[in-house]
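First chain written, first letter: the chains are A, B, C and D, and each begins at residue 1.
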Amino acid sequence: MDFGNLFHNYAEAVAMILFGIGFSNLLLQKNLMKKIIGLNIMDTATYLFLALKGYIDGRKAPVVVDGIQSMEAYVNPIPSGLVLTGIVVSVSVTALMLSLTIRLYRRYHTLDLDEISTLLKKEDK
Amino acid sequence: MSDLWILSPVLLTLGVGIFLLVWSFAEHILAAKAFRPAEPAAGSKPEKEAGLKTVHGLAVGTLLAAAVLTLGAAWSGDRSVTLFYLMKDIPIYFHIDDISRWFVTVVTVIWVLVGIYSTVYMQHEGEEKRFFGFYLLVYGVLVCLDFSGNLVTMYLFYELMTLASFPLVLHNGSREAIMAALKYLFYSLCGAYMGLFGIYFLYRYCSSLTFMPGGTLSPEAVSGQAGILPVAVLLMLIGFGAKAGMFPLHAWLPTAHPVAPSPASAALSGIIVKSGVLAIIRVVYYIVGPDFLRGTWVQYTWMALTLVTVFMGSLLAYREPVLKKRLAYSTVSQVSYILFGLAVLSPAGFTGALLHVAFHAVVKCGLFLTAGIFLFCCGKTRVDQLAGIGRRMPAVLWCYTLFALALIGIPPTSGFVSKWYLAQGALHADIGVWSYVGPAVLLVSALLTAGYLLPITMKGFFPGQEESSGSAEDTEQKQRVQADTAGAAKRQEPKAAMLVPLLILAALALGMGLLPGVFTDFAGGIAALVI
Amino acid sequence: MDFIRNFSFFSIVLSLFSGPLSSILGRKWAKRVNTAEIILLGLMSVAVLWYVLQTGEAFVYTMGHFPAPWGNEIRAGVLEAFMAAFFCLIMLLCMWGGVRERESEIEASKQNLYYIMVNLLLCSLLALIYTNDLFTAYVFVEINTISACGLIMIRQNGRTIEAATRYMIMSLLGSGLLLLGLCFLYDLTGHLLMSNIQEAVHALVANGQYQTPLLVSISLMCVGLAIKSALFPFHTWLPDAYGYSTVSSAAILSSLVSKGYIFLLVKIFYRVIGFDIISSSKVIHVLFAFGIAGMIVGSVDAIRENDIRRMIAYSSVAQIGYIYMGFGLGTTAGVIASIYHVVCHAATKSLLFIAASGITDVSGGSRHFEDLTGAGYRNKLAGVAFTVGSLSMVGVPMFAGFISKLYFAQAAVGHTVKMLPTLIALAISTILNAVYFMKTVIRLYTPVKDGEKKAGYGTITVRQQPVKAVALILFILLNVILGLNAEPVIGLIRTGLEMFS
Amino acid sequence: MHIAIMITVVLLPILGGILIPMLPFHNRKQMLIYIEALVLVNSALIIAMLLDEPEEAFVLFRFTGDLRVSFHLDGLGRIFAAMAAVLWPLAVLYSFEYMKHEGHEATFFMFYVITYGITLGVAMADNILTMYFFFEMMSLVTLPLIMHTQTREAVLASRSYLYYMIGGAAFAFIGMIFILAYGTTSTFVPGGVLDPAKIGDKTNMMLFVYVLCFLGFSVKTAVWPFSSWLPRAGVAPTPVTALLHAVAVVNTGAFAAMRVTYYSFGTELLRGTWAQNVVMVLVIFTIVYGCSRALKETHLKRRLAWSTVSNLSYILFGVVLMTPLGLAGALCHMLFHSFMKICSFFCAGAVMYKTGRSYVHELDGLGRRMPKVFVIFTISGMALMGVPGLAGFVSKWQLAQAAVASENPLAWVGVGALLISALLTAIYMLTISVRAFFPGKDFDYSKVADAEDPNWLMLLPLTVFVLVIVLFGLHPQPFIRALQEVASVMTVS
């Protein structure tokens, strides 16, 4: 493939790289906090991607000011809407994760998931 | 169906036999009920004389009656009975031809004589009801076997004979007796099944399983199956050969005979082994047909086996110290004479074989009876104990000597005639080198026979000093020998009931040798018919 | 009758708002409201089903009357309606079956929270089933995840929280991939409504543009949903989550939540991409391979497990494997079999969970294998129920499992390459199922010697737990009906799939 | 007569059986009378049905599409049904006495009677699905019977039994699917239903599937290497071991093998292929293997079980000859062996019941105390080893003839195997009789003083069986003709 194309869409490339970082963090990190951060990076990367897709050069945000009504003046509003929804979702998910993390930390005084499971094994004994 | 009466002897003997068995069983149950658990072994011990008398009377009476009927049936022409159909085109079918006559006569004579003999002998074995019960059963089965007119019928009674006769072997109930009986049973069954294997194939490749002189093999069916059929036939030969003590399935004979009561072993090696011979005759000459085998590898293998057996049997007999075992081995070798005669597939050989069937039956039966007498009267089993026995019971020992000579085949005894025919058959048959090897082996084995039979006579009459000094027996043994020779001064012949059969047999052995004409003609007639 | 068209939308909204309602109500009332609501939703879905069958075609309900491509749509076909009704039924029975445990295992204060969660879950499920808009689907996937997580962790102990966390992480990975995938799709097609996307995709394929991105997005979505529905090897979170949460949660999770995702996957196959494209792409081979691997590995793990709940949990890994194997065959027959298996597994697995709880109750609360000896005599109904469930899972004729096995096999025979692998895998996994399920059943009916009587070996009769008994009996009936007379269900599925495209 | 009678004979025992524990019996006697009556009525119905010979099939219900559970009575099924109809009442009668000391009679008889219905279901199955259905049911309802004593041993035995059964069914299932996929119809048609057009070049695969399917069904027939469950299942009460594991269950396997071989896959496809050789080799090996294991076994019932293993493979041997003659022989042995083996099992049971002895070496001298039982046992033993004039000889004759006629060298080897196993049979059966009758010279009879013949409940079935054995042995012609008629259907296709 021609890298020129890649260079031309550098923003998408960045988004993908970010997504990868976030994904691998969420998957591989032991520490719960880092996992959560990874999660957020991942989501944000996706939103960046969406926003990029919605953006059209030289147009304004789809907010009606000084009475310009023609559609050509604005960027595509739907991705922005999606991003907003997505942010809401990711916020709520992050909140849930955090609360879980707190509970676990209170019980086991560690943020390392594997340690926790070993502790649990001990509990059963 | 009018000929149904020829089965009357069978029914008679079977009926009485079963009756006796049930009687003995009932006694056991009663005994068990009566004194339990106080009196152990609550069977057989308290036998009342009266009971015994009736048993003997019943048994012998039945035997005689059955004998009369049988001979009557046998010699009243070719009769045939079809009982019912076991399977499609396989009836239970009896047909009396010359072979049947020949065998059934031998059987009857021996059976009656041995029966009389055992009325006395069995007294120290006990369980006489059971013994005579099975004894009669076997007789009935044997008659059926000889009368049977097709292969399946023959197989049926062949197996029944095995099953009915093995209680005779384990009669005394000792452990080794039971083991021996089982060995006998399983060898015979193994043989029978090998036979059955052949029968399966013959049923397919033969036009019918009914006995026909010269065979019923249908060529068109065979044509494709050159491969499997000879194998099947050879298997049948070996299988039925098991009964006849042919190598490689001979091992049961020396085990079974010594432990069986002498009458039983007499019957066994006199008659039962001959049923193997009968089966082989029927298969080879009446189903497969000699022409199919002549010159094939099957014939040579068979012949080789028989000769091996002949030689090996007499060699083992020569080295065997126990008298009955020795006789058993000699049976092994002698019966293979017969088989050799059959194997050469020539008329003379066949004649010789038939003759030897009769002669050997008489002779070997006599020998076993004498052995029985030695055992019964002075509890002697080993050959070296028999020194000086002649002083004590000369008549018996004379009979023994006569039998011995007959078995060796010294003219004018009967054995000579049959062996002469056998040798003739071998020499004139075109079987290549075998026609010289065969007679040679027979000769050697005859010498060996002399070697293992005659010393008993000598030592019996002249317990020379060399006996007490020469043999490497331990001193205790020596003393016993001397004691015997001393005690042997006073003669005490056995009871008449034991002696008479012996004498009759001796007379037969001699007589058949003196005027063999009638027998040879009869046998030759059959031979001409089948070949 | 056209007002029935609104039902599907109403049912979503209703369940959504009965959540807050039950938060202000007391525990008892919350329960009643919840029950009533589930029944109501079920009836509505049935009505929708009836209506769709009447009209013979799916209808589209545009929210707020914005036409496509801007507005957000709901679409109800036979399959959607049937699934909705069925999910409601299962949900109801699961709730009934777990009443006692809920009340004993969950702190009183948290209990109407539980009902909120259930309502949310049901709402998200219905939304997943009905929605015609991919992004909506994504949103409700997340809601689904959150509420499911709540169901797991509501029973407060370390295990459940840890399980919830693991579950959360896994499904977040999954939904992340899903989101990315549908972003790609949106990027490629510029649409979010399934029907429009499909047209666009077909157009793309027709003139051969953007094949790689399309493939990428398809695989992203497949993998995402596979992770969320615990396909091997993404099943690590599952045993804990199902094994330690309260019974009805376990039942609901195993029989509904994962099934919701699977149903979404089916919709993506048929409504979004178009099945012909899917079946020609490589993705399904991957699904097939992992499906078969799951069938075997799940069963093996289950055999090695000696905690009955975890054993059942592992067995659902195997069952999910069946379903994906069916997809992997890449034939409509395979998909039909898979959907039928979704149904039958939902009916069976929740039965097993509830029966297992009934069994552990009479075994001193222990779920350990040795302690269950003779439990079948102590709690007869539960024993029978467990036996029925096991037989169904093993695939003995006359129970639901047999039919789906039959359909899988027949679907497989239509396929030249994957035929023998599938059949052999079916046979082997049948044997493995037999090994662990029958082992348990025999254990249940092995009488316990007086010597080894353990503490807490009580007996429970039907009268003591009427609700649970009713639930169990209904489940058993459901299994037998599905097993003996599968024709109507299959017919619905078939027509539903036809309506999809 | 309406064809509904077919479903009646299947359902009557099942429902009647389920009722047994529920009905309020005042005492044991009432229950036994009810059970015997139930079984007798059913047998009577079966006989009526056999005489009536309903032609058309009876559809019970449809699974899905054309997969329906339906019954149809053809020759093969007729034989199997008749066998069951004769054996069950007698076996039940025997169990009345035997089960006295086993306990849980209600449960026992419930499943015992239910199995009756299931067996008939298998016998009258019209299509492969129905047969599979009842095949599985059979495995399930017989499970509690094996577990009956509920000792640890019994539980383990039942477990392995179940694993084997379901495993077998799983592979049979594959075969079934292929029949459904590649066959013109799923119903049983003499000569097979496979559609050559559909198979095309997939012949080898079909053969492979056939082997799978055959083995799957033959697991019930305990063909090597799936034979070890049968002896282990010997822990069940004797009526179970005798009737189910010597007759009903195992014959179901053989029956199913016949169905798939002759009625589904069709012998044209299979004859002379590697598939036939594979299964035949397995079967021949099993024939010898079973006997040798029986020889080693010292536990009486397990010994008989091993002998069952080998005898069942006789049946399968007839089946895999794939000629009408072979089928006839197989049917013949199926029929005859059932009587012989149930007879010897019942004798063993009588001994265990009366004296509590279950090992061969404990039987010394018992023949003197229980003459009736042991005479019968000896006769059945001789029948098993194939003494002419008894049943075994006839069926072996049929099998061997079929084998010889099939012109297949492997089959000739099989004939040899038959005879070897006959010899081994003789050894392991007759040694028992000899022990019993001739315990040895100085045997202390007080040791067996307590033993005695059982009462009529046990002796009646034994006597009937032994009479049947002799009848089969002496006058088998009508039966064989009937069987050959059934088998000759094959030749038309």
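Just so we're on the same page, contacts are C-beta pairs under 8 Å (C-beta built on N, C-alpha and C of every residue); 3 or more make two chains touch, one makes a residue touch a chain.
Just so you know, these numbers come straight off a predicted model, no measurement behind them.
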Most central chain, judged by mean C-alpha position against the global CA mean: D
CA centroid of chain C to CA centroid of chain D, Å: 44
Whole-Å gap between the CA centroids of chain B and chain C: 84
Where chain A and chain D are represented by their mean Cα positions, the distance between them in whole Å: 68
Chain centre separation (chain A, chain B; CA means) in Å: 104
Where chain A touches two or more other chains, by residue: none
Residues within chain C bordering two or more other chains: none
Contacts with 2+ other chains: residues of chain B: none
Chain-level touch network, classified as line, ring, star, complete or other: line
In contact (per the touch rule at the top): chain pairs: A-C, B-D, C-D
Residue ranges of chain D in contact with chain C within the complex: 61-65, 67, 129, 132-133, 136-137, 140, 143-144, 147, 150, 155, 158-159, 162-163, 166-167, 169-171, 173-174, 177-178, 180-182, 205, 212
Chain D partner contacts - residues on chain C that touch it in the complex: 391, 394-398, 403, 405-407, 409-410, 412-414, 420, 423-424, 426-428, 430-431, 434-435, 438-439, 442, 445-447, 484-487, 490
Of chain D, residues touching chain B in the complex: 368-369, 371, 382, 385-389, 394, 397, 400-401, 403-405, 409, 412, 415-416, 419-420, 422-423, 426-427, 430-431, 434, 438-446, 449, 474-477, 480-481
Chain C-touching residues of chain A, taken from the complex the two chains share: 19, 22-23, 26-27, 32, 35, 39, 42-43, 46, 49-50, 53, 78-79, 82, 85-86, 89, 92-93, 96-97, 100-101, 103-104, 107-108, 113, 116-117, 119-120, 123
Footprint of chain D on chain B - complex, ascending: 25, 28-29, 32, 36-38, 40-43, 84-88, 152, 155-156, 159-160, 163, 167, 170, 172-175, 178, 181-182, 185-186, 189-190, 193-194, 196-197, 200-201, 203-204, 228
